[in-house]
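Below: a set of structures, written as structure tokens.
Each of the next two complexes has subunit A plus one more chain, namely subunit B in the first and subunit C in the second.
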Partner chain A sequence: MADKNGFFDLSKTTLSRRTALKGLAAGAGLALAPGFVRYSQAQSSAPIKIGFQLHRTGIGAAYGRWYEKTSAAAVKAINDAGGINGRKVELVIEDDGTDPARGAEVVGKFAKQHKTDIVFGTLFSHVVIGSAPAAGENKIPYFVVSEGHHVASTKLNRYVFQPGITDVKSQIQSMAPWIAANAGKKVTQIFPDFAFGYDHRDYLPPALKAQGADVIAQIAIPPTESSFTKYFPQIPAETEVIYHVMVGPAVLTFVKELGEFYGSQRPQLFGFIDSLEAVDVNSPGLEFLDGSHFWEGSPRYAQPDDTAAQKAYRAAVGIDDNGAALGDPKDVSTAAHMFGCWETLYVVKKAMEDAGYKGPEDRAKLVEATEALTEFAEGPEHPQGPKTFNGKIHQCFGIQNISKVEGGKLKVVHKTKIEDGLYEPEGDYTTQAL
Partner chain B sequence: MHFGPHLLLAALEGLVTSAVLALTALGLSLVFGVMRVVNVAHGEFFMLGAVLAWAISTAIAGHPAIGFVAALVIGPLLVGLVAFLAEWLVLRRLGYNPEGTIVATIGMLYIIQQLALSFYGPEARPVEPPFSYRILLPWFGYSGYKLSVVAASALLLVLTWLVLTRTRIGLIMRATQYDRETAQAFGIPVERVYAGVFAIGAMLAAIAAVLIVPISQAHYLMGQDPLLLSFIVVIIGGLGSLRGTVVAAILIGLSDGIISMFFSPTLAKIIATLVVAMVLVFRPQGLFGTTQR
Partner chain C sequence: MRDASPAKIYALHIGVIALLFALNFVLPDYHQGLFARIMALAVFAMGYNLLFGYVGMLSLGHAMFFSAGLYGAGLTVYHLGWGVPEAFVAGVACGAVLALVIGLLALRTSGVAFMIVTMMFAQVFYLLVLYFAAWTGGDQGLVIQQASRVITIGGASLDLTNPTVRYMSALTLFSVVLIATLAIARSRFGRVLVAIRENEERTKMLGYDTVANKLAAVVISGAICAASGAAYALLFGYVGSSFASVQYSILPLLWVLLGGAATTLGPLIGTLFMYYVTDIASSFTSAYLLIVGIALILLVLFAPKGILGSIRQRWLGWLP
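Up next, the complex of A and B:
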């Protein structure tokens, strides 16, 4: 080895006694630093700490930024109105890098180091699935805003809840009749190659079959992919509808390349807004989307029939009528999903009040109080619409919006009913031990 | 889609990949050839080029082409400056020790990546292409800009080749590559050549990134794939061989395009890696490399 300068020669540096003493002193100093002093204040006045597992970096970053803004706005609104059980609410944020392994570490950190009351806010389904066991082991309630069917499948554990956003299975089931009736009968699916995409892969074909339509091809694309044209030849020529749902940093490239490939000679397009979330509908190259349809959890653009609650929510979060940040029209939000953070935090508030929640020792009571919830009325706390909640599967059910791209905006053309998305529970979390 | 058009599309996609890859790998190969060090931070210079392209093109108002051309000129120059400083501050102090350089450039990789994350943010941001023309073929449409990337890359490759073979600078670089000590004995300022080569290598990666950024957006993690693929290309082509690098880039790019379209992208990566293993076993100097003296 040509280690002439001895960079890797460990014997060159010896640990002197002085260095060792310095290290010891520094360590002792750290242990005495204010951060390590245990919180000795009375619990009644200490804030309720909500551990926010945030996708600040990694492929979920665009969502993470808006999840953070929405949650901060909700916490501010809750605190301005007196907090929860008279205590202020505080968000403790840890970045999980949109990575399942780090997600599990973050949950452990919340439980053991930050000692937060709950963990909240995860979106990407593989992170939820990776983190859920850590929440169960630490017996810390874990409120996700993920859309995936994994919570409702009852394959996770009793500490995981999804009370603020509907799951993919329910979304698909309520929209399949509209797709079959209005878009076409021969459907090709494009979906991301991980848990969330598999929900689409698994639940769309049976839902369409029930409506007399068929999925004729399924194309899985890795969420980290940066070039998409190579997948498009797999779309069969007889396709009447392309059902697309993509996530990740390259969604704009995905829709742009779809446009380059087809131009105006395209099949019908039905997409989940995920394919375009945080992306301006009027970006150059997206003109071909005009007339196509999207699922939206909550509409990005202000609609003529918006309720006062919806208007107040948009103002509190800081988005304009086009769903972009106030003052920066280029900073498009993830409006279709982020409402879930707002609503989940209000569900947490309600459950904590019902449980008379005082501190981490009441976590089991909080789980039971959440399971006892049955419905959430539309209003300032639930601006997206009314919801029902099934405590056995820890999942809420609500309305879905189908929007059409028209004149560079998304206009809601159909709203489903709550009943459209109900299905038979696949299990029961309440039978699990706490 | 029928086989013919399918293959055509696969080949077109493969050519775009090849074009960008050839430029990026050429930078890596040049640095290795002349300096005999492995630059693990090469992918981050690529990313830096893309991020700067975004910054420059958004700062300049008017037609997107103006911003893009400005980015194509200023971006790589800035990246070259960063590389030059890194060479001067770090690599020179290590005496170009091969192992030390690997560790140091891994460090640079993280520093550049985290700086990009801190100052640019975690979002993927688009750069508008200088023109958007859709070529309409009977079976499918294709982006005119993508084809122009192939042309631009070919032009740059020829230019690099001319510089290396027909100019005094090229001669000095080749002399340094051939025998460092003799070159020094003949009065060639080897250290300055090294700094220049390191900067040029980074600039080539940055140019590739500016070209690709209107197609796939600028993102702080985008340097990982090009780095891996560049290593594959450089190993297959032969370390330090310009011709080998270009041939291997075209080979890998086209096979990636075609295999990933007819089979799956994962299979394309598997095969590329397998080829690397085979080359290392049966022809360690690479397809066009010469045995080390």
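Up next, the complex of A and C:
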């Protein structure tokens, strides 16, 4: 820019600021433009668009990455076999930032801007609960893979489904008979002092009581805590089993400090693999877990009795026998949960076929067709195992795995029955208007 | 600030409201929904701006006032079955009372200490929300069912989940608060607040009770932020602890800094800008926060007084 004498003067920035602002405004205008283009309705031969609400950033990013891989693999398999109702399936991805407010916006974006047929995805309970009203208001079916009890609690709405993964209440209830019979009758629970921990706090004691065992102490640890040693003296001396469900990066410190506290003489340990999803069980500091047991939705490590369907699923998703990415042994998957994406997409396929789904105008039919489903047989579409589905509470029920840490691997030692996880329905979504 | 006729100033603000009203009929569906959210949150930013922009007090705890409104309205609907208007009033009242209590304690400090004290109180509020999870739903939060979000007046009913009703409700709240903040900024009280920001000692010497004026500003600011929170709960149907986290204390600060502190329309512009940068950037890359960060840095470098603050400084000195 030239000054009044016609010389370039870099110290005078007035013009450059203006130019910069103009540039910003122009850039913003340009970038805004695509968002305002009205999208045409999908034609019958156009792909079925599935809005994938994904934890790409935020605390759920590790889960999100594997949810994305698994879903992409399932969509490829579905498309290779002819798609749904003769139409290809396309995933439209939006990041929810693992944030409930953004999650709700993303659901609105799928419904109104991308005009997807359904919304699918996400894990973290608060994002699902935060997004559910947007799904109900937009009358767009919302298939989640969250494992929270929120869907089955019937506190959400008729458009929210969880057909591909069991809920935490069912999982906990299924664990109780095995714990009481094999680990011990006096149980101390250690859990994070927020909703995920409260599910375990509330559902385990009655389930154990029914098996003749007792929770003798419950130790809630604040989510901000980074050292745990001071809580361990609260564990009663007569404890036979420590039931732990710590999650997040602090879990390594938790296990290490528990090991230092007990040394070689420890009670039985039972935990939920949620603590160690995407974490190598051979990580330094986790040696103390050797010989302990974990719940797994789907086994991380290949098992000798894996079905052909399980083997095909693992190959399609791209995980090796240790549950890590093929070619990158350090990239450990979230195997215990991500199978839910695969299975949910196949439930969507089945429901769309049953409903004769053609486009968004058939969303209500799709809801009813999903509610009419009752069973999913074990096989390529449901490699984790057989399931039943309760259309009134929009929740599936299935088998659970209990695995022992042995030689740095998780070996399945017990599979529960579907009946172990059944409970009385708490409501009925089908009474709500569509 | 150069003087301008009140008519010109009010005409500008009414013009902005009229523009937002008209946008309801031309915006595509998704953007209509997004604008409703932006207007509700711009109210939060306006409440924050009153304290930060006009009084010059930087709070890092305004998430607690927003959440007081959010939970005040949400929990009365969820647990007590209150109607929308009563719940909204309850939300605003919760925010005002909380602001009064926090103001009485926090105004014993100023500057950096005020920032820290407000942040600490907000953290206490956040942890209390988690602690009383049996009622608040903790970190998972609660859904306010669609059936509970209907205003019935006489025989008529207004369904807040209807996109147009929601847009107009958010616009109504936004308009009321915009005109109210404009009136405050132009009032004697508003001038005293600016005087406190510029030189508190001199304002005291002139005979003004600066503590009482600051307390009034905290309470009004808290009540406005609570109104935003209450509206958010009732319009969008979700209450959760993430709204009480420190992130929601930082966001209004960013929105106000972007739009222009101590400008009446700056909070709207800042909120709008941040929302659209995030929304558009996230369509192209998962590193959208990087783009938001770069945009913020550019603005700080080239428009340190925020978008509207810079416009006022260079061209439109009469902007309130």
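Throughout what follows, the second predicted complex is superposed on the first by the 353 of 434 C-alpha atoms of A that agree within 3 Å, B and C clash if a C-alpha of one lies under 4 Å from a C-alpha of the other, contacts with A are read in each partner's own complex, and residues count from 1 in each chain.
As a working rule, contacts are C-beta pairs under 8 Å (C-beta built on N, C-alpha and C of every residue); 3 or more make two chains touch, one makes a residue touch a chain.
In this text the structure is predicted, and so the values were computed from the model without any measurement.
Trainee: Is A:411 touching anything from subunit B or subunit C once the two structures are fitted on A? First, second, both or neither.
Mentor: neither
Trainee: On the A-aligned overlay, A:155 touches which partner chain: subunit B = first, subunit C = second, or both, or neither?
Mentor: Only subunit C; A:155 stays clear of subunit B.
Trainee: On the A-aligned overlay, A:358 touches which partner chain: subunit B = first, subunit C = second, or both, or neither?
Mentor: After superposition on chain A, A:358 lies in contact with neither partner.
Trainee: Is A:185 touching anything from subunit B or subunit C once the two structures are fitted on A? First, second, both or neither.
Mentor: neither
Trainee: Is A:194 in contact with subunit B, with subunit C, with both, or with neither (first, second, both, neither)?
Mentor: After superposition on chain A, A:194 lies in contact with subunit C alone.
Trainee: Contact-wise, after the overlay, does A:136 reach subunit B, subunit C, both or neither (first, second, both, neither)?
Mentor: second
Trainee: Looking at the overlay, does A:253 come into contact with subunit B only (first), subunit C only (second), both, or neither?
Mentor: It touches subunit B, and subunit C stays clear.
Trainee: Should A:57 be classified as contacting the first partner (subunit B), the second (subunit C), both, or neither?
Mentor: both
Trainee: A:88 in the overlay: touching subunit B, subunit C, both, or neither? Say first, second, both or neither.
Mentor: The answer is neither, since A:88 touches no partner chain.
Trainee: Quick check on the output: what are the common subunit A residues between the subunit B footprint and the subunit C footprint?
Mentor: On subunit A, the overlap between the subunit B and subunit C contacts is residues 56-57, 222.
Trainee: Of all residues in subunit C, which touch subunit A in the complex?
Mentor: 28-31, 33-34, 37, 127, 130, 133, 137-146, 161, 236-238, 240-243, 276-277, 279-280, 282-283, 286, 288-289, 295, 298, 302-303, 310
Trainee: Residue numbers of subunit A touching subunit B in their complex, please.
Mentor: The touching residues are 1-5, 7-8, 56-58, 61-62, 64-65, 222, 225-227, 229-233, 237, 249-250, 252-253, 257, 260-263, 278, 283-285.
Trainee: For the complex, which residues does subunit A have touching subunit C?
Mentor: 17, 20-21, 24, 28, 31-32, 34-36, 38, 56-57, 94-95, 99-101, 104-105, 108-109, 111-113, 125-126, 129-130, 132-134, 136-137, 148, 150, 155-157, 193-195, 198, 222-223
Trainee: Which residues of subunit B touch subunit A in the complex?
Mentor: Against subunit A, subunit B makes touches at 1, 5-6, 9-10, 13, 17, 64, 94-95, 97-100, 103, 117, 121-124, 126, 128-129, 132, 134, 136, 140-143, 215-217, 219, 221-222, 225, 257, 260-261, 265.
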